[in-house]
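Next come two complexes built around chain A: one with chain B, the other with chain C.
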Partner chain A sequence: MTLKRIGQQEIVLGIFVVLFVAFALFLPGFATTANMLTLLQNVAVLGILGLAMALVVIGRGIDISLIAALAVPPGLVLQMVQDGHSLPVSIAAALALALVFGLLNGWLIAYAEVPSLFTTLATGLFLAGLGQAALFKLDVVQWSEGMSGFERLGQGSLLGIPTPIIAFALVCVVVALLLRQTRIGAYIYAIGDNPFGARVTGIPSRPIIVLQYVLAALIGCFAGLVLASSVNSMPTRIFNSTMIYDVILVVVLGGIGLSGGRGGVFNVIIGTLLIGTMLNGMTIMDVSYSGQNLIKGVILLIAVIIDSFLNPRNEETAQQGDI
Partner chain B sequence: MSMQESFVRFKARYWPDHLLGEILSKRWTETAIPVIVLVLVAFALSRAIDGFLSPAALSDTARQAGEVGFVVLGMALVVVVGGIDLSVGSMFALCDFCALYCLNVLNWPVPAVIVATIVCGALLGAVNGFLIGYLRLRAFITTLITLIIYRSAYDLLLFDNSTKIASALPDFPSWDFIGMGDVAGVPSVAIVYLVVALFGHVFMTRMRPGWHITAIGGSRRSAYNSGIAVRRTIALCYVASGVMTSIGALFFAARLGTVGGDVGVGLEVTVLTATVLGGITLGGGNGSVAKALAGTLIVLLVTNGLTTLSVSGGVNRMVLAGILLLAAMIDIRWLKNRSRIISKVYVSPTYHFLPPPPPTEVGSGGPFEQNDKLRDVTLIGLGRIEAPEDVILDRHDNLYAGSRHGDIIRFLAPDYEKMEVYAHIGGQPLGMAFDRNDNLYCCIGGMGLYRITPDRRIEKATDETNRSLYSVNDDSRLRLADDLDIADDGRIFFSEATVRYEMHEWPVDGLEARGNGRIICYDPNKNTTYTALRGLKFPNGICIASDGQSILFAETFGCSIKRFWFDGPKKGKVEVVMDNLPGYPDNINLASDGNYWLALVGMRSPALDLAWRMPGFRKRMGKRLPVDEWLFPNINTGCVVKFNEKGEILESFWDLKGINHPMITSMREHRGYLYLGGISNNRIGRYKLEHADPDFVQYDRRWGRSS
Partner chain C sequence: MLNIGKRLATMVAGAGLVACAAAPALAQKGLDEPFQGAFKKALAGKTVGYLPVAMNFDLTEGWYAGVKKELEPYGMKVVVRDPNWSTSAGAQALTTLISEKPAAIIVHNPDVQTYARLMQRAEKQGIFIIQVNMGSVYRSAAFVGANWIEIGERDTEAVVKACQGKSNKIAIVQGALSAAASAYTLKGVENVLAKHPEIKVVSSQAADWDAAKAKAITQTVLKQHPDLCGIVGFWDGMDIGTAAAVKEAGLTGKVFVATSGGGERKGACELVKSGAFDLNVSYDVPTQAADMAAMIKWLLSSGAKAGEVKGSIYTTLIPITNENASSDTACWNLSDLKK
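Right after this comes the complex of A and B.
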């Protein structure tokens, strides 16, 4: 019984604490307030994406297209403002795009019953291609005059705390309330735990699944706005990066099993902190980008192996085609 | 007959309505869809682009197709076993690096380079295989992680070695042949690909490991329970995927000789698209080499075509993504609904006209007039036997009957109280007959014709016949061998009731009322089997006629008895003995007075008689109603009649109550008694015949008393 209590959450928390203490002791310049704020600021976007992913993963899905949702609608905002549209109109257009995108994902997954992995793999590719082909003139969409003031979302601070961290906290609260305090949240857990059981008990699982992907796309779009305003541009080639793997890393490391129905916002926070600490420490140690990826990959692999021992797949209820 | 009915009859006779369902239920129709798409794509692009199908362009496409094709083969294997391999792009890059590093920097000979590259691919695949097969991690997330790890390893290696590789220019003719050579215009890679693909096809369809792979993909748990080494097989599939990727990378390295940051980036999406587009089902259990090839060609033609049309990268992505989505959707819809579509179109009723039946009511006079003779038959094995379709007695008066559990049960003379399992066969025994040497031949539903020797050894006599040339369904296997009799020279004639349905679906064949059955001859002396007569409406009972050169056979849903000459001057002829029976005839057997016994398993009803004249009505019924609400032939009540070869009914035996012995599919006369079997009964009936030869034993009568 005592062994059962040591879930992945506790293990990761422990690793985080050990890593943090080790870095604080042995890495000069790690344990400063400035570095802590940088660390948090750097992982805020990742954390927000992690929350979006968590919503979907708890409902036994996965959303590979988050990076496309991160890059394309906010890129559209910058592009439209550049082309002379007003900021509110541009943002409305971007939100509409994200909404349609989420609806498309959700419809394909819930109603056309295409596995979430393939749906989002393809739709992400599609959205990125759409941006590349039809929406953007350059790979990096530049900040323009009409955007002035908006950069405070990414660069401002409130009571000394950088706004990205506040944005992360805000999304944390919203998602936590949704998951823990509303009926919809309970439904998402139920669907993730046992999709067929949920359906049989009368939960409107298809609309709820659509809602998950719509929310994920909207949160992704918000994360993109934070990202764009903090670097004053939207580098749309980010779609080609391995960022989506970092997002999955945050979720899985935090202890949200990919088989669904488990975990919550707290897991995302832990995962984000661990990743942030790791990346920050490796950056201070001057590990190359590829080296960082390699280390990340190995840690993710270890996390997944441990996860598979702690939360073994139930072969009796495993679905055919559940890869 | 009205004009309209004539038309319906004409259409039912000449319109091959039943072919659609049979074609759809063929497995190759799954491959046909991607192949049709491929042809359409090739046609469209060749119209849009000049020289798209010129030999030079084709050769170039074939080279790329070979390289990607290998990777697709590996991916297909992994998808069939129920997994996915996203790391192929990174493995491709690492293998490419390995080949060029060994060749350019280490200056190894070409064969050593080939071996090293393949080993490299195998090792990379083995990591995936160990994690997914043995540690049972999820394939998707695991290969996603190895994708990152392999890619960053490649980037790190590239960073240190790219200049070294680029600066060397090795000159090996054999290496160049791998990359750019051809045999009679066919690129080297295409030849190797074809060889591997052919082997792959044989491997997947004809060899044990291939079947194991498909079985695991189909149902992992069942595969495990049936003793397949699930973990090892899965692991080896990932190793194979690594090897295939390394072969593709080898040809790529030989052709281009470069290592760059973008080698293999996004390859997994291309390969996955090809796999899904070819119709290989995600989730496993279904896939073939032909599908992988079709998918590869479609994707390459589309991407090459788009590139030639100088479409931007963005549009290229959108098209690829669109195709992937569409393919996945069609695949999933088709998979979900295929069996339902087939079940809707498979049943194809035809026109079947029967005149009003002769009367059977009490007081109506005729030979079929109902009586109560069978009411008080004595019962044998009540509650101890299930589904004795046929009953037979041997020379020592022991009684044999089939049972639903796949046994032949023997009741021992003289009182038939003691019962034993005479032979366990495994399928349901239907008609039975002893030959001259006391071998018991038995038609087993779903299995074929079996023989039980006097020392109780079970032998398969035959389970296949010659395949008919124009049949879409493979009719070489026996689906529903029904009843048999044995000619004087030992030849066995047996009926196969239907070639379109399995045994448990036999009532559906009645709904269809098409001539789906046939009579087959098995010659034990030569051990040959051939189809003697086909196109019969549920041929059932068979009995050798008095001349020894012909058989009498019953067509259950034709409601008739016919006679077929297999020897003598009328050889090959079929004549009607009786038609328009009031019920559905089943088994026929010899009576002691030289006439024949016939069981009517059920009586005709005006509703079905009318429905048989309306194929469209029955087709709608088949589509709109659940199976158990279809209008099936009535088999609630029946009788035994005695007839002669001229087709006259001599006597009939009824049971008005139908309580004591409810159903009759078979009867056998033996020493003054008539033994009754019924396929839905749990008992065997025994009826004392008046004026019958008390010493009558079927075999003694035909072949004389044996020792």
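Right after this comes the complex of A and C.
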């Protein structure tokens, strides 16, 4: 392998391996099966969101409203059940809300041609505001009797593997199949690589873009259900947190360029694993909060700096939409 | 002695006769209570501003409902300014509130510094400032709220007690590092731990008031230390996650989980009953609301000037355990308070 072929993906994989081996050797209690499962479980929701974001970013878009899709429809499920509706009806209502939300995002971006960054920034605020003003009584929507059994989605385990990990794996498989095995997947890559070229060659780019945002919203909703059932409540205030940066981080760190057309599910998995390993190792070492931020920042900087040395940007490689 | 006793008896009987004769006359005329008119006048038509860090959560909704219920019957108006977790929006809202010249403003500080000067300015202009639950460096007419240090101490004492004869390993799940409430609670924890050198803190991490983060941290800690005997959490809304991690590890009842909160039924009593929390120290929100309303009534009717009087009402804490979690009085329902 020549130096030139080492991209972001390989660099992050390298850092992950080094970190993992170092923790395994020097940190007692790290390299146990139980801890590995905990590590994965703790980043499963982040990973699922990363997959939703990847779908959009590969098609040269971005979805800032993902956290609203994570918080509001699942919050609606908990609220409706609390108000006495049945669980299936509530879930159907939440899925419908996520679907409409995705369609709105997609329509604004594909047909009204509003840039995705601004569209999703605004629609995310709208959905979160709608939830706060009209749907929820309190920020934290509590679990209620009618939900019993559903918590297995976030707290159960299958053959010893916690269900959030299985949920993550499931979404990985679905997204990988979609991207690599179907015509739609190929179209998404084509649109991301060169949107105008894609349209000229006859790819139905507008409907495909709508589909991307619908899928992202639905996956976001699913991630929210996993999150809610794992902590027995939906803290809808999560919309105000910095979680969306973590999601973008996972995607970009894994090597999916924001300019679109590159990367896949594997990149998201690597990005998620790196973040998970860092968090887990630092928690075991009981590193202070500010120390954790410092270490996180340094490792991310190292990854970005190595990348820009090995793959310098110039007029040829820079694309419109690069951030 | 006997003589005096007899005489006294006669006097009492005589007085009774006089009273019997006078009573019908009084009942016919009615007696004016000279102070209630002035009290009503001092309150009627006045406005109270209410500036929480955000609406839509049990504490701030409860305070609002409770204060409104107490003051509106006297013709007072309570206006809310909701900065939705933004400190700068809150400072702006406070500035506009001051220019509207309400009689009093209830302020829920996001930190100890930001609003301090604004509150001082308000009191100079004759507006009483009531600070709730989170005080600032400026002492105003009244502070009504929990003593965070005491909360930290009581939670830790309970955990230390539960750890007797066990591993003595405990974990601490803090709130956000920037929040003074979290730092004060931690001070309380330290106070108790200084007296108990046998207790070993295996993890002390900030979870940013976030249930998912609290769960992730607790899960990792429990995998490393399955013999952990107790956890001190800093807020029940976040410690739902802490408790979920304990439950998933199959350690409910073995790991003592102590936390604190506003005592709303679903967030506090229900979770204690289910075994998620072993202790939830509650700073009963309806009591705090009633205290604030009482302060406002007293201040407005006393004729005192803003800035002249300063005092505190620290809330009497209610420890919610399995023993009282089922009672009607340990917790409160938001829906009842809103009626």
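Just so it is clear, the second predicted complex is superposed on the first by the 285 of 323 C-alpha atoms of A that agree within 3 Å, B and C clash if a C-alpha of one lies under 4 Å from a C-alpha of the other, contacts with A are read in each partner's own complex, and residues count from 1 in each chain.
Note that a contact is a pair of C-beta atoms (placed from the backbone, for glycine too) under 8 Å apart; a residue touches a chain by one contact, two chains touch by 3 or more.
Predicted, not measured: the structure shown is a model, and the values here were computed from it.
Enquirer: Of chain B and chain C, which one contacts the greater number of residues in chain A?
Expert: Looking at chain B versus chain C, the one contacting more residues of chain A is B.
Enquirer: Is A:Q132 in contact with chain B, with chain C, with both, or with neither (first, second, both, neither)?
Expert: After superposition on chain A, A:Q132 lies in contact with both partners, chain B and chain C.
Enquirer: Between chain B and chain C, whom does A:S290 touch in the aligned arrangement: first, second, both, or neither?
Expert: In the superposition, A:S290 touches chain B and chain C alike.
Enquirer: Quick one: is A:V45 in contact with chain B, with chain C, with both, or with neither? Answer first, second, both or neither.
Expert: Second partner only.
Enquirer: Please work out whether A:S308 is in contact with chain B alone, chain C alone, both, or neither, and reply first, second, both or neither.
Expert: Only chain B; A:S308 stays clear of chain C.
Enquirer: Applying the document's definition of touch, where does A:L87 land relative to chain B and chain C: first, second, both, or neither?
Expert: A:L87 sits against neither chain B nor chain C.
Enquirer: Give one of first, second, both or neither to describe whether A:I238 is in contact with chain B, with chain C, with both, or with none.
Expert: So A:I238 only meets chain C here.
Enquirer: For A:I248, is the partner it touches chain B (first), chain C (second), both, or none of the two (neither)?
Expert: First partner only.
Enquirer: Does chain B (first) or chain C (second) touch A:A176, or do both, or does neither?
Expert: The answer is neither, since A:A176 touches no partner chain.
Enquirer: When the two structures are overlaid on chain A, which partner does A:L121 contact: first (chain B), second (chain C), both, or neither?
Expert: First partner only, chain B.
Enquirer: So which bits of chain A does chain B touch that chain C touches too?
Expert: On chain A, the overlap between the chain B and chain C contacts is residues 132, 240, 289-290.
Enquirer: Within their complex, state which residues of chain A touch chain B.
Expert: Counting only chain A, the residues touching chain B are 62, 108, 112-115, 117-119, 121-126, 128-134, 240, 242, 245, 248, 252, 258, 288-294, 296-298, 300-301, 304-305, 308, 312-313, 315-316, 318, 320-323.
Enquirer: How about chain C: which of its residues touch chain A in the complex?
Expert: Spelled out, the residues of chain C in touch with chain A are 54, 56-58, 61, 84-85, 177, 202-206, 208, 210-212, 215-217, 219-221, 223-224, 237, 240-241, 243-244, 247-248, 266-267, 270, 276, 334.
Enquirer: List the residues on chain B that touch chain A in their complex, please.
Expert: Touch residues, chain B against chain A: 82-84, 131, 135-142, 144-149, 151-153, 155-156, 159, 218-221, 265, 269, 272, 276, 281-285, 312-322, 324-325, 328-329, 332-333, 336.
Enquirer: Inside the complex, what are the residues of chain A that reach chain C?
Expert: Listed in rising order, the residues of chain A that touch chain C are 29, 32, 34-35, 38-39, 41-42, 45, 132, 136-140, 142, 144, 155, 162, 227, 230-233, 235, 237-238, 240-241, 279-280, 283-284, 286, 289-290.
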